[in-house]
Amino acid sequence: MAGTEMLRIADLHAWYGESHVLHGVNLTVNEGEVVSILGRNGAGRTTTMRAIVGLTGRRTGSIRIRGQEAINLPPHRVAKLGVGYCPEERGIFASLSAEENLLLPPAIADGGMGVAEIYDMFPNLKERAASPGTRLSGGEQQMLAVARILRTGARLLLLDEISEGLAPVIVQKLAETIRTLKAKGFTVVLVEQNFRFAAPLADRFYVMEHGRIVKEFTQSELGANMGMLQEYLGV
Amino acid sequence: MSTPSTSVAGDLELGAPQAPAQASTGIGKAARYTYLALLVLALLAPAIGLYPVFVMKLLCFALFACAFNLLLGFTGLLSFGHAAFFGFSAYVTGWLVKQQGWTPELGLAAGAAAGAVLGLVFGLVAIRRQGIYFAMITLALSQMVFFLCLQAPFTGGEDGLQGVERGKLFGLLPLGDDRVMYYLVLAIFVGCFLGILRVVTSPFGQVLKMIRENEPRAISLGYEVDRYKLLAFVLSASLAGLAGSLKTLVMKFATLTDVHWSMSGEVILMSLLGGVGTFFGPVVGAGVVISLQDMLADKVGEWVTVIIGVIFVVCVLAFRKGIVGELLAWRERRNTKK
Amino acid sequence: MSSTETILETQGLTKEFKGFVAVNKVDLKVRRGDIHALIGPNGAGKTTFFNLLTKFLPPTRGTITYRGTDITSERPAQTARRGIVRSFQISAVFPHLTALENVRAALQRGLGTSFHFWKPESSLYPLHERAMELLEAVDLQAFAHEHTVNLPYGRKRALELATTMALEPELMLLDEPTQGMGHEDVHRVTELIKKVSAGRTILMVEHNMNVVSSIADRITVLQRGAVIADGPYAEVSKNPQVIEAYMGSADTELQGAH
Amino acid sequence: MEIFGIPLQAFLGQLMLGLVNGAFYAMLSLGLAVIFGLLDIVNFAHGALYMVGAFVAWILMDKWGISYWWALLLAPLAVGILGALIERLFLKRLYGLDPLYGLLLTFGLALILEGVFRKQYGVSGQAYPVPDLLSGASNLGFMILPNYRAWVVVASIAVCLATWFLIERTRLGAYLRAGTENAKLVQAFGVNVPLMVTLTYGAGAALAGLAGVLAAPIIQVTPLMGSNLIIVVFAVVVIGGMGSIMGSVITGLLLGVVEGFTRVFYPEASNIVVFVIMAIVLMVRPAGLFGKEA
Amino acid sequence: QAQTGPVRIGFITDMSSLYADIDGPAGAEMIKWAIEDFGGKVLNRPIEFLSADHQNKADVAASKAREWIDNQNLAMLVGGTSSGTALAMAGVTKEKHRPYISIGAGSARLTNEDCSPYTVHYAYDTVALAKVGAGALVKAGAKKWYFLTADYAFGQSLEADASKVVKENGGTVVGSVKHPLNASDFSSFLLQAQGSKADILALANAGGDTINAMKAAKEFGITKSMKVAGLLVFINDVHSIGVANAEGLQLADSWYWNQDDESRKFAKRFFEKYKRMPSSLQAADYSAVTNYLKAVQKLGTTDADKVMAELKSMKYNDFYQKNGQVRADGRMMHEMYLFQVKSAKDSNTPWDYYKLVAKVPAEQAFTTVAESKCSLLKK
């Protein structure tokens, strides 16, 4: 768990309009780590991700990315710090073709995947490249959403429910991809309902409940924590 | 989470976007007392020195705005062509009463019917379109009606159809007397207002609500949504027509102003200002706009347009729920705080 | 458990999008009373197939026969009234109606007064009893008067099911009913589907093999728009083509995804 | 030789004139389409911005003696800045809400702009001369075409093509289109969306301003010039398919021609022909001629 | 009617839209001047002035008029531009029995089929424009006419009246084209007119339409082959066409600021305040109110019927008109003029635009008693 601190969140509160969703989240992610945030539906995991990139309403507390305070930065400045975000709702653009969608996010650093590499990984996308983005099937859109940010060279990837709606084969492929990314030194924050997907991939886990982190443990402590997870997640 | 199959709804679906004042759909006790108080006030209006012609005009526009709101607020369709129904029926009634010697009650009925027929025609053309397209196609159709009224011999072109006599209601009540006319207008307005209340809460109103909330869902439950929208459109058009007819009798003329697209803009302003999707909002909105026009007429002269423009802007920026909508929201906030 | 009567049949059903064949000559038979799962890789054409059945899309070729009647060219609402009802891939409730009103919305059509704009709302109250029954069936009675926006995700799906049941569907189409759900909810919904399947036929798309394996009577596998396998779960899951195209390497096998 | 009962010469002449008008429609609807397509705002203030463009040109000439050619540059710039201000001050607060609100706000702004200019300059209008370089006319054989009108056609088609290219074929265009659908997400990818949006609205406004300057020498420069035109231009955009850049340009030109011929064959209908076409088109093709089906 | 308290004079016109320049706020100011110049008092009662903007909406005009009469005991109403509003106000004043002087409206219906014993139609009407604009020109030799007509009641009646005059005087109408209201582009119509080989192109339209048509006519070189006559042109329109473009345009009007010393004196005062010259309507506003006050002063009452009788029997002599007289139908009978726009080099001082072509006596300018359908004339 060495390596420098990539992300440090301290006492993060976030609101959607009037409703107060995050109540003081604290978490740290080191460079090169894969960290998974677990929790029930509505625990606030997505909100945490969105708060990092600046997509919630009001937020307070501290978000440091590579040591730089980002709590007051607008989203495009956060992205420039090397953050790639794959939203839960996929966010595929209807007015852009699949390929335009893929090429949309501007590269923020070197070292992103090449288009050929991506098409290799997701042959469906190549086939449907000219189709309007939202005409793709649910799963294809999911692939596109992930592929899109792999291209940009962002070193901190925030991935929200990326295995959702994908066929088992593809889910396996994604798992491999994340291993490869980790090997290349990328940092990944994974939010997953699909515990079996996240469990073997993550170095560390945070468990969230009602907008707070209630538990933190490492891969090696996973076995010991299954009972607790059972209680929190019904796994 | 969205998939191609579920984005059928059309992202531009208009109306009640922030679900303004949902709470108002059921008529609460407080609202009932307020209505009662207002009714008493309205009944006494001529006696307490309110100027009857002004109040009548106001009620006509209030009815027009309520009719419009039935569509925007309770069906989620923004029509940019409601002036067509209002103005066309105004001419129809004017012409029948003045040139054909019809009695006022028949003239009014014919006006409402003309509105309904025109609404049916508009509806058949426009109803399958959504959002901005719906707005634009109704605008286009109403422009055609405008040019028809400009050209048709019986409207008197830009001079207007002037000198319509009110006649005697059922051959008995002399409507020429402003006070008699006033009570007729009030009765019709109250009737229609209650009618709209009923429509919105009726089984039919429930279906409209479903359509507004989630149209593909309503379809999948087996509702032929276009037919429901069409009926709502026809009802709204017919009431708008009735409002126009009534206005002809009150003012004794019908002119092109009534069919011009800016009248469609005005009725939107009224609804918006008062509160889209609330029952009483359009009435308040009409009251404010009409009083304002009346006041502005003597006081500010050339600044009218600017002032109306400023109201639009302020309304959109600061009072999106409208006067009544904001009041209801405020009350709700206060209640939840307790 | 299941008779051999075919309730729904498609013949040569095809859908092309600008030269791209999304559904390719699908012949499918669904037997009355079955829980029939439709699986396949992403982009195989499952959702499109559903869209064809419910008339949200017109087929390019082929026919759809429901209980012996050709319904290929009917309108969506007509099909719905025949008893083919679909639940959406995402939850598609009426957000600002209460749970009770949501269910009532589905019951109301049966009353035949939906165009009656002069009747009071109270004319709908007799429906409440049945609506409450349905809510109880999915364990939502406590939420009857809650606006559905405020319900948690899993509850919304349950409500969706209750509403769908209110239409007394003979054939229910479910598109990924457990997508995006926590484990608890997946379990609850699976049980629910099982429960409501009594006396009905269910056709569902699902990527979660746990769900499929635990409740499906029969499975059809689509790939690139065409059927590559069809049969009971045990048989299909061993089909090498299915494993290759969909399930992935044998070691993860059926547990792979979830 | 005759076509549809009118001499070929007259026919060609009318065709040409139709194109000139079409060029105005095209340019105005282009700006409107850019703003609607990219920002989802039905910009009712477009006509007013067009009017402001013409007035700025006139004021530049009247007060400072600045020539047409400079006005062609300065007036759109000024209107663009005004547009950017409008976006920053007002429209910005409406993103994410129903597009109805944008429409109503810009409607209000249009009234304000019109009212202010009316108060300041009256309604009967100002005279703006044709620049010397373009005065005079050319004999095309079938008609005498004033040079200035020829210039209008050329200039506006060039502007339209450039805009289309920028939006449909460049990366900036892709950001813009994506930004319409989900601005926040595009921003989260690292694009400075707020700035982009401000500039886009500014650019759309500048297009309206440019059309205003081009129009100043041939039509009366009055505070009402915009509101007379705006509804027709809306119709053009709707027929073309809202948000479709090419659609609005082609439809603009086509409608100019159709309207021109209506003036010959059935002049009484020339004001409504646009709406008739709009109703028919929308019935047959709900998303407009070039719009993407919803 | 109460004969105590202030004497209220109301003025309802278009203050903010299409016709605000030719009448509008400056027109209101003229009425104030008339009142001030009269001493601010009549019959020892203060004169109060009310004004309102009808925004070109008949219902606003009528409501305002009705309300002033009912609640403020208005003594007399001056109605401004636009026929729809003028007719609506005539309806109200007829019902409520108040003197009503209509100034900016063109419709001859005010004193014809819709005439009222309480209406005075002061400045011009469409019949006069047609008779003066067309009559004088045909007599001067323009025989073949082509009409460019605004397609609405006003334009149509202008065209119909003018065609009649043309034919009566031995001319022919070789064609006409109807254009929609507020058509911004006229080139297409003009090309059709050019094809007709007529001597004269008559613009039976107003305001912006006339301005745009005239500009385009110049641009397309039509003015080289034909003369252009504007049937309803105000000096403000000529100003905005620009004298270079308007050169040679013929037009009819009831008054021109540079026609004599008295007018120039009035105009100078106006110019000092507004930096432009008054239109004939603004001059008429001043004249009408002054004359009304004189009548009231003379009678010693504001009683509507007595005032109307006096207005119809007195002679009007002021800077605006000579020997004017109000006929029984309410028509103010005075001389009308045909002007031609000067060339730019002949235009010496600001707004020096017209030269006089012909004077037309009232009897030849307006609807004759024989032509009229007004019952008030048939007694």
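For clarity, chains are labelled A, B, C, D and E in written order, and residue numbers in each chain start from 1.
The rule is short, and it goes like this: a contact is a pair of C-beta atoms (placed from the backbone, for glycine too) under 8 Å apart; a residue touches a chain by one contact, two chains touch by 3 or more.
This structure is a prediction, so every number in the text was calculated from the model and none was measured.
K.L.:
Common contacts of chain D and chain E?
P.N.:
Intersection of chain D and chain E contact lists gives B.
K.L.:
To get from chain B to chain C along touching chains, fewest steps?
P.N.:
Tracing touching chains, the least step count from chain B to chain C comes to 1.
K.L.:
Let me spell it out: compute each chain's centre from its C-alpha atoms, then which one is farthest from chain C's centre?
P.N.:
Comparing chain centres, E lies farthest from chain C.
K.L.:
Taking each chain's centre as the mean of its CA atoms, which one is farthest from the centre of chain A?
P.N.:
Computed centres place E farthest from chain A.
K.L.:
Rounded to a whole Å, what is the gap between the Cα centroids of chain C and chain D?
P.N.:
That pair's centroid distance is 49 Å.
K.L.:
Measuring from the mean C-alpha position of chain C to the mean C-alpha position of chain E, what distance in angstrom results?
P.N.:
75
K.L.:
From the mean C-alpha coordinate of chain A to that of chain D, what's the distance rounded to whole Å?
P.N.:
Each chain's C-alpha centroid was found; their separation is 44 Å.
K.L.:
Among all residues of chain C, which ones touch two or more of the remaining chains?
P.N.:
Each of 47, 89, 180 in chain C touches at least two other chains.
K.L.:
At least two other chains touched by the same residue of chain B: list those residues.
P.N.:
Those would be 1-4, 147, 151, 302-305.
K.L.:
Check each residue of chain D and list the ones that touch at least two other chains.
P.N.:
Answer for chain D, listing residues that touch two or more other chains: 115, 118, 268, 271.
K.L.:
Which positions of chain C touch chain A when the two form their complex?
P.N.:
Checking each residue of chain C against chain A gives 17, 20, 39-48, 89, 152-154, 176, 179-185, 187, 207, 209, 245-249, 252, 255-258.
K.L.:
Which stretch or stretches of chain B touch chain E in the complex?
P.N.:
Counting only chain B, the residues touching chain E are 51, 53-54, 57, 147, 150-151, 156-160, 162-163, 247, 251-253, 255-258, 293-294, 296-298, 300-305.
K.L.:
Could you pull out which chain C residues touch chain B in their complex?
P.N.:
Listed in rising order, the residues are 47, 50-51, 54, 56, 75-77, 80-81, 85-86, 88-90, 92-97, 101, 104-106, 108-109, 111, 113-121, 123-124, 163, 167, 175, 180.
K.L.:
Help me check something: in the complex, which residues belonging to chain A touch chain C?
P.N.:
Touching chain C: residues 40-42, 124, 128, 131, 135-140, 142-143, 161, 163-172, 193-197, 233-235 of chain A.
K.L.:
Across the complex, what residues on chain E touch chain B?
P.N.:
By the definition above, chain E touches chain B via 12, 15-17, 20, 24-25, 28, 50-60, 62-64, 66-67, 70-71, 82-84, 87-88, 91, 107, 109, 114, 151-154, 156, 180-181.
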